[in-house]
Every structure is written in structure tokens, then in C-alpha cells.
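Just passing along the structure, written as C-alpha cells.
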């Protein structure tokens, strides 16, 4: 991957914008496309090419990166009118960095390969701040040589690249991580409510957790937010519930027994039912507080 | 607390022995008692006094530290024939560092105070290694001034001293921590089994967890042990189940709703039912593997 | 509904065959269609018309009853080549007695109404035996007058007709019932395993349940089968799991909290994971037995 | 058991009073004792002997029946000053019909047998109404010949006598039944809330359940009460929670895995946490309604 390689980046949202920016800063020859053109403005003023359609971007790019919201957006931008496929060059590389289902990735790969181009899935772990700092973890699935070839590009956006195996495995890894994320969040919330109901101070509990082997950056961050009663969404309850549903679906397909995660999912569902779906996942503490009062 | 204060240490087990040793190394004027006298041998050869009964130890000590296995041992050594109470000096301080129920601590405190002596509860977080390294976390409950006075002594055994509030609160803190410990262990195990059943390699999963905000010393340790299929007990399933039962009992008394911990407890119970009670708590992974096969 | 009304029945499976037969026995003017023609043989020899396609059946029928396996079959027979829609008469009535999703029923209704015909959903409660005995419970959703008009027809197949409300509500009722079915099955299995592990005899437990307010025909039937270790499928684990997934999906959409059903679903999933998906739902007892051993 | 046998009945509460009355009506030679003497008044006016102490009652009785609230009352009336033991005749029979733990029954039996008398445990299934109607189910544990001998006496109070085995097994049977009771109540409540949130009418749901194989007297009774929002206690949430705790304790001792009952227990705990402990167990519906709103 040389810096003369032409990169086309599609999707300048909360995550995509800083990711694309980091590519530009790293010296890659970047062009961008975004459905809402306004979001591309700051790129244009910095001399980055802004394309009028995915097709035009595809025609001009050796590597196309997609960072979009969901499966529908992926399908539309890829296969729709003036979509990527209509302009895709032979041997070009399409990298899907969006988190969509394993099935959606496999379908996208098939479509891309029919055009004699190549496909890699590369969802990321991390939120807005690591995206800005270029410290995301990139989970890559697909051809190993291809992933290796793309390494310099991934390293412009993240500080860790994890090759997960064949296509689909990066999505499986992402679900594995988010299963753990949801589980940790829930048991942490139960610990905080339990301790406080026993008369302990939240500061004491948090300090204690921080000082021993259970310490985790997640608990540092979420503990502080719960203490401040700040439930502004970072990773919202709705999204966590969606991911846990994907986890249980995948678990059923592969015959995996997940008794605690199943209870976690229902607690997250209860939190959403109480009207906290749009708040940060730390709001799972609210279901416990409501019932324990 | 001066180093001329006479310290009597009762209970030279896996935890107590290195803790007492660290007091000796720190220069405290130490005497010890252990039911099985043999365990005191190495202390004797180093010039530490070894007493023949708790009574004799109590007569000679300003501060008495207890680190015993359970409530029964506590009651026996305190109130039995030739027990501590029969030799306790006025104004002496009894520190219970064993983990027993909040009620047992309160009863012991009453008995000690009837003899015009003072009582502090101070269970510890951490296992054998931190006990040897003097890096335990000491959770202290009781009179704040007294706990402050004892600080140099605690610091010879641990690197963190957390004052938790009145008598009983240190035990509550300990249960809060162990609730989180059990919850994290279970969801971590579910993540590992889920990921592996999807075809992911355990090394990849562990590396991924380590590289992001979910990282935790607990996962480093237990992940390695599960990978090596080493279930030699460190904190056994039986003990975790006992603690989770204490948690649910205490939760019910204070009307706290713990849906995920409840499912975790049942999974730990299932693990014990399968015959893994005497293995390390990491063996919760075996219930999942058995059902998911 | 007069007995001169021409009835077309599509789907002569385990349930459909006896249902159609009961219509014939009740004197209705019946014609049938089945993909596998052989199954229609016994009808032919009794003088019932057997049609070569859904289209031909539709052309000749005032009322068309569908009793098929799933959504795909429903869509195919309705909208496929030589499907019902291609022969449907104006003002004809299509009754879907299959259990498919609420959404599938609504889509089928739209398609039928576009052809100026009418649609009723009418899933049934009950299995093979009640179908043969004409003692099914018919859950009907759609226009009330239409359902009333169809009453004599339903009464030829079942002894209870329950009007559930507008289109989609009969499916909701069916899911409500199957939620309860799965929940009862699971807690019954847990009671049997618990009691037997305490040393009680299964006959004594069953007799005791039968003699008090917890008695239920379900427990009579399933208790006997479990005692005989007869897990030949009547309502299989796979199907129960599918229905419980539909329940939890619908619950999430309407923000309903179902903590016990969530645990039941996971137990059923565990049972399937152990390889019992194709056995009767009474096999949930096997997960408990395996872990409790 | 002849009607000339002298029967002493201790405990004239909600259950005990009608049970004693039925013995009197059946022609047995009855004497009674109750701590609160007032409750014995109606017996006195009917010519039944009323004793001043358990001791006096014991001296005059061949068979002594106890129907008291809990273990403490049992121990006190049996072993306290002027207790049964102080007046117990050689070869007399003590029948404990109260529901207390298996352990309490075994201890009581030991104490009675030391006095050369005999002991039977006989907890009952059923509430106030069946007690009045003489239609209770008597669960008997202990010596089979003795239980057979007592049959006429049991038949005066209940219509079903179930011999459960050696001492302790009747209590195990009772817990098995109450496990099922709690489980059915919870999944029934979840079905009702689910169905109603989908827009179904509670009458329709109840009618549907009544008309099929899931029908149960429990659902008839509790469904009506929930519909009327009548949560006046019959079997209160507090008591159900206590019994489910006993179930999970016993399950753990015998290594039984109860995933759904575990979730049921936590839902009942949540119901109590919300302040409904003193209401009928049908109030479990309130936790679901609160979270689902």
C-alpha cells in the first residue's frame, strides 16, 4: 500500500469523518463521498476530492472504504443506482468498516467479487475519541495477504489491527466483544446498586474496584458517568440491545448456551422498556434502581 | 501505631502466613499462634514468639489480628476455652481480617467490647500472590480513628487501605466486589465459548479483549488459565457460590433486584452440580461447553 | 354459511387432513388441493373434488382455507404461478389457519383484498388428536361479521371459536398461549427433576400435582411421557424455540419485560444445543438432568 | 384409629380452626389448645375441651396435631415450658401438619422419639377454602403403618392423602409443589402482560387458556383476581419468596440445576422490592407492568 494509492472513503459520520481525516493527515491520496454533501465541506477546503456519487468515487479509486450505519445503507451505496458496483474497477479493493451482520458482509463480498474486485470486512472497536486519536482497534476478516497489504492504511486509523480469519470472522469477533461489553456493564451496574443499597458510598466502591484485579477502563469511564448521573449516549441502550439480539441469534445457530447473557439481554430490554433506549448503556442501572426502590 | 506495639497474629494459613511474615519484615514486634503448631515453625527460627494458646497470645498483645477460615473458627478462637477473650487486655485491639458474614463480625465486636477492648473488621481483597507481595487491598470497617491508627500496620500487608464505614460495611464491600468478580467471570466465560463456537481462535479473542477498554487483570489471568485448561483452584467454584448466595440473601434483605447476578449464581450452581466445585471459578466455562456441545 | 357454499381446502398435512375430513363429514361441499397429490387420494375415493392447482381450486371456491407449514408456503400458494390469487373470485373468502407471523398475515390480507376478496386469519390451538376429534380451538382475527358468518365452518373443525379482534390479533393470541405453554413445560420439568433428586418418586409427584389446583391437562400428558421416557415429538423443541423467539421479538417491539420467559427460552435453546431439537418439548427435562447429574 | 381415640389439636389459625372443626364434626373426641385463648371460644361452646397448656393437652391425648406458623412456634410449643414434651404419653403420636423445613421436622421427630412417642409430618396443600370444605391434600411422611393408621383422621380434613416416604419427604414434596406453583404464577403473569401489551383483552386471553390443555384451577382463580385488580393476600409474595429460597437451597444441596425457577425467584424478589410483599402472589404481575410501561 503506497501513499500514491487512490483511496475513496464513503460515510463521513461520527466515526467516518475522523477516520477519513486521519488517512488524509497520514498523506494518503484521499477522495470522499457522503450522502449529505455538507459533511464533506471541511475536506474540500483542505484539498481533498469530493465525489458526486459512489459510482464516480469508485471509478477513481483503487481502494474504497465504507463506514455506514447499517445493512440497508451498505446495500444501497454498493448496489443502488450510481452505486459503487456501477463504477468499480477490476482488482479494486472494497473495505467495509461498518458493523453489519455477517450475512450482509458475505453478500456484499459476493457482489464485489462478481465484478472481479476484492472485498475485506474490517469493523472497528472503539468510539468517537479513539477514532479521532487514531487509536481504534481494527478487526479484519478476509484474505490474509490482502489484509496485510492494507496494514499501513489501517494503521493510519487505529493502533491495533487484529486479523480474525476468513470473511465473517471479524463480525463474529465484534459480537464476542460486545457480548462481553454488555455483560460487564450489567454486572457492574448490579454491583453498584447492591453496594449502595447496603449503605456504601459510590466513591468507595469505585475506588475499591479500581485498586484490584477487576479494574477495567470500562468501569473507570462508566463508573464516573453513573456517579455524575450523566447518561448522554456514547453507546446507547438501543444499540446494545440490537447487538445482544444478534449475539443470541448467532448463539442459537451454532448451539451455544449463554444463560447469563440471556438474562443481561432481558435486563437491557427492560431498560429500554422503561424509556431509556436512547441513553447510554450505563442507564441499565436505572432498571435496577427503579425496582429496588 | 509504633513498631514497639506488641502484635499477636492468629491463623497462619495460605493468606495469614505471608501477611504475618510481612509484619515481621516491617519491624513489628510480632507473636503468632496457629492451631497446627508446625506452621509456626519458620517464624520461631526467625525469633518470632510462638504462643501456646490464643489466651496466652492475648495476654501479651496490644493488637490481635485474626485471619481464619470461617465463622466457626472465629467464634472458637475468640470465645472458646483458652480463647482470646479469656486473656484479652483492656483497650487491646482485635482486628478480624477473615471474611465472615457481617452478622458474625457484629457478634464478635459485641463480645470484644464487653471486655472493654476494641474491634475492627478488615477483610482483604487479593489472593496468595498479593499477600506475599504485600499488595493486598485492606477493606476496613469500624471506628475511623482506630482504623487510621492501624494504618501503618495495614500498610505492611497491603498497598491500599479502604475505609468502608461502620462495622459491617467492610463485609458489604467485600460482597459487592465478589458479586462483580463472579459476574465478570461468567460473562467472560460466555464470551470465550461463544467466540470459539463461531470459529474464532481463543488467542485472538484474548488479544482483542486485552487491547481495548474491556481489558482487566482478571481476564488476563483467567483467560490464560482457561486456554491452558488449568483449573487448579485459586478461588474455587464452591467459594464463589457461597459468596453469591450471601449476596442474594443480603440483596433480598435490602430489597435489591439483581437479575443478571441471579442467573450467574444459577450457572455457578450448575457448574458445581456437574462436579467442578473444587476447581477454580474459571471452571464455569465447563457448564457452557457441556451444554453447547 | 350454508352447506352449499363451495369450500376449497389447501394443505392436507398432519393437521389439515383431519380438519378437511371433518368439513366433508359435516356435509360441506368440499374440494381439496395438496402439493403432494398422493395425500389427497383418500378424499378422491370418497367423492371429494381434488384440484390440480391452487388456481383451479380458487376458481371453483367461495371459501378457501389454507393450512400450510410456514410463511414461505403461504406466499407461494397464494402469489406463485397458478397460485390462489390468479384464480380468486371477487368476494371470495380466504381463511389462513396456518400459524405464521402477524406480518405475513397482514401481507397476505393486503394481496387478497387487492383482488376484491376477503381475508381472515384463524390459527388453531391443539394438535393431531383434537384435529381428528374436531375439538380444536379456533383463534380468529379480522372482520367480526365475517368471522361470525364463518362460524358453522369453524365449528365443524373445532369446539371453540375465539374472536381475537382485528387482523394480527389471532397471531398475538397464539403467541401468548405458546409463551405460557413453554413456560409451564419448563417449570414443570424443573419441578420433576427437583423432586426426584430429593428422593421423591415421579408417580407420587404427578399424583400430587393432579390432585390439587395446579392440575392441568398439559401436565397429565407430558408427565406421563416423561415418566415413560417417550420424547417422540408432538410439539418439538425446535418449534417451541422458534415460537419463544417470536415472543421475545414481539415483546421487545412493544416494550414488554419477560424475565422468566427469557430464562425459559435459554433453557430451551440449551436443550436444542444438546441435540434434542427434534424431540418433543418435554425433552427440556434432559438439559436439567444432564447438568444436575 | 377409632373415634374414641383422644385427639389434641394445637393451633387454631386460618387453617387450623376449620381443620379441627372438621375433626369434631366427624365425631372424633377432640380437645384443643391455642395461644390466644379467644380463638378456642367457639369450640368450647360446642362442648370441645379447651386446654390451658400444651402440656395439659398432651397428658390427655393419644394423638396430638400441630398446625402452627413456623419453626419457632413448633419448637416453643413442643419443647418450651409447659410444652408438649413435658406432658407427652408413651406411644402417643405427634403429627406436625405445619409447613416448616425438613430439618425442623427431623429435629422435632428426634425429640418426640426420645420420649418413646411417635412422630409424623403431614403438611397440607390447599388454602382456607379447602380447609373448610375438608378437601385439603395431606402430604404425609414417616412410618407407613403409622400413616395408614392415621388415615381416617386425615380423611376428616382432606380428600386426598399422599404418602411421600420417610420423614422429610413430605416437606420435599411440598417444596416441589410450591416450586411449580411459583413458576406457573410467574409465567402466567408474563403471558397476561405480554398479551395485553399486544392489544388483546384479558377476558379473551383467560377464556382461551381455559378452553385448552393449559387450563388449570390456579389460572382460573388468579386470572380472575388479576382482572379485578384484587391482590388481597391468599398466598402472599413474602411466603412464596421464602419457599422459593428454600427450594434453591435444597436444589443446591442436591446439585440440581433450576434455571427458570432461579429467574422466577428473582422476579418474585423484585416484586417484593417494589413493596408488594404482603399482597397475594398474583402481584408478580405488578413488576412486569411497572417495567413494561
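When the chains are written out, they are named A, B, C and D in that same order, and each has its own residue count from 1.
Operating definition for what follows: a residue touches a chain if its C-beta (ideal position, glycine included) is under 8 Å from a C-beta of that chain, and two chains touch if they have at least 3 such contacts.
Bear in mind that the values here come from a model prediction, so they are computed numbers and not experimental data.
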item	value
Pair exhibiting more inter-chain C-beta contacts, B-C or B-D	B-D
Farthest-lying chain, centroid of Cα atoms versus that of subunit B	C
Intercentroid distance (Cα basis), subunit D paired with subunit B, Å	41
Chain centre separation (subunit B, subunit C; CA means) in Å	56
Residues within subunit B bordering two or more other chains	251, 255-259, 262-263, 266, 270, 273, 287, 291-292
Parts of subunit A lying in touch with subunit B, wherever the complex brings them together	125-126, 137, 139, 160, 162-165, 169, 172-173, 175-177, 179-181, 183-184, 186-188, 190-191, 193-195, 197-201, 204-205, 207-209, 211-218, 221, 247, 250-251, 254-264, 266-267, 270, 287-288, 291-292
Interfacial residue positions of subunit B with respect to subunit D in the complex	241, 245, 251-252, 255-259, 262-263, 265-266, 269-270, 272-273
Subunit C partner contacts - residues on subunit B that touch it in the complex	259, 263, 270, 273-274, 287, 290-293
